């Protein structure tokens, strides 16, 4: 009984922290400055938030077939979400969307020059 | 446990609304694609959590499928932005002249 | 043909993991499906050393814990910037990649994107360079110091000596 | 999209897995969510990913149009054939119980065959639709180019002047 309680507590903790991560990621998607910065916010949803929520569900899963599917979803997200983010970054770069850059510690953030 | 699943679902729902706001605000097309991609990831998570909340983990197959389709959709939209078509890129007469 | 056998075994493993029903009929259908998928994939030319990087796939578990730790660390860093967006000091830096295969280079680029705070914007195959957009100076430095490069090179080690 | 190693390699890794997942959904229709229609669409999605990343021209070589025609008709024949088989066995159209002595096994076999027919037809129709729509712009540009060439060949007249 003791072990089950500990596992449940860890699962709840993981779900809670994951929910916070997802919220912060979406907040970053809304608050940060330009497309390239917002990608880092979306990255939190894809890695920290999704990973912790899936880990919490994994601990609460009733059956090994369910666990296998959760692990597969995690692996699939770990493979596809960085690829999609990279594809968006690359497409934006090719389309000529200039990132806001901070070139020296004292300078303000400004539109970057081309490569 | 059910309570915690519903709290997670509410958090995912609020995040979905925030991402939807970004998709509506833009300003560039890539912001919208990024937001839609995040909405897809959040939908995958929501399907998983709802499957547990409802006690029907068969939903996970659908979540797996949604993750795949989300990726294919994002790549296709980006290809369409880049080439103007999902098929082979044939340069127009004007582009051919510029080369 | 070796790639078809390897792919068939991997695909059948995936079928066994997904299925959960082990009747003779479904097992036979699974084996047939795995073989058919592998043959069609061979026909599509997706089963070369890029599409089936066996060495990297089998060595990935070695770095799992390390990459999870890196992801958690950089998540906290990005959340700090989201709370105070004025802290953001975005940079574009060029990271040299020491990988020899396309699959290794892709693993490196995806690890860079997987840790929030850094996004690989462009991957140059010929010059083995990755242009990275970092959210702050610290993220850029962490990517450039070569620890991730060394870890990924470790993954593709035997592939190089084998060829 | 082929010039980017990340998208290319990840697509190569994913395509066989998507096709296997489609076949898993196909053959486990009576245990979980899924069945012929969904499986056909997922299988077509794998081919669409192949066409988007590696180009429509190569996708047409891997999966020529005659495969679509064969798939559509074979699926319908399989569906109808199962029904006719049950009629020949002395029952109503698509009454699976007559296919075998054991009613449970007969039901299973009948559903499997009919669903496979549905999956085959749906996958082929989806791929054919994608080919038709995605190849449209190429087709229009080629027609416009030939028209322009004919116009320059026959002096100053534009297409349409002749009528």
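Per-chain numbering from 1; labels A, B, C and D assigned in written order.
Definition applied: a contact is a pair of C-beta atoms (placed from the backbone, for glycine too) under 8 Å apart; a residue touches a chain by one contact, two chains touch by 3 or more.
This one's a predicted model, so the numbers in the text were calculated from it and none came from an experiment.
Engineer: What pair of chains is linked by the largest number of C-beta pairs in contact?
Structural biologist: A-B
Engineer: Could you grab the centroid distance between chain A and chain C? Build each centroid from C-alpha atoms only and quote it in angstrom.
Structural biologist: That gives a centre separation of 16 Å.
Engineer: How big is the gap, in whole Å, between where the Cα atoms of chain B centre and where those of chain C centre?
Structural biologist: Computed value for the inter-centroid distance: 21 Å.
Engineer: Could you put a whole-Å number on the gap between the CA centroids of chain A and chain B?
Structural biologist: Between these chains, centre-to-centre, one finds 13 Å.
Engineer: List the centre-to-centre spacing of chain C and chain D in whole Å, with centres computed as mean CA coordinates.
Structural biologist: From the centre of chain C to the centre of chain D is 30 Å.
Engineer: Which parts of chain D, given as residue numbers and ranges, touch two or more other chains?
Structural biologist: 1, 4, 6-7, 10-11, 13-14, 21
Engineer: Do you know which chain C residues sit against two or more other chains?
Structural biologist: Residues 18, 20, 109-110, 120, 123 of chain C each touch two or more of the other chains.
Engineer: Could you check chain B for residues that touch two or more other chains and list them?
Structural biologist: Where chain B meets two or more other chains at a single residue, that happens at 61, 64, 68, 71, 75, 78, 82.
Engineer: Can you work out from the touch definition every pair of chains that touches here?
Structural biologist: Result of the pairwise touch check is A-B, A-C, A-D, B-D, C-D.
Engineer: Please output the residues of chain C touching chain A within their complex, sorted ascending.
Structural biologist: 17-18, 20, 68, 71-72, 75, 78-79, 81-82, 85, 88-92, 109-111, 113-123, 131, 133, 135, 137
Engineer: Taking the touch rule as given, give the residues of chain D at its contact with chain B in the complex, in rising order.
Structural biologist: These residues of chain D touch chain B: 1, 7, 11, 14, 18, 21, 25, 32-34, 38, 42, 45, 48-49, 51-53, 55-57, 130, 133-138, 141-142, 145, 148.
Engineer: Under the definition above, what is the set of chain C residues touching chain D in their complex?
Structural biologist: Chain C reaches chain D through residues 7, 11, 14-15, 18-21, 25-26, 29-30, 33-34, 36-38, 40-41, 43-44, 46-48, 50-53, 102-103, 105-106, 109-110, 120, 123, 125.
Engineer: Sort out for me which residues of chain A touch chain B in the complex.
Structural biologist: Interface residues on the chain A side: 8, 11-12, 15-16, 18-20, 22-23, 25-27, 29-30, 35, 38-39, 42, 45-46, 49-50, 53-54, 56-57, 60-63, 66, 69-70, 72-73, 76-77, 80-81, 83-85, 87-88, 91-92, 94-95, 97.
Engineer: Taking the complex as given, what residues does chain D use to touch chain C?
Structural biologist: So the residues of chain D touching chain C come out as 4-6, 8-13, 15-17, 19-21, 23-24, 27-28, 31, 50, 54, 62, 108.
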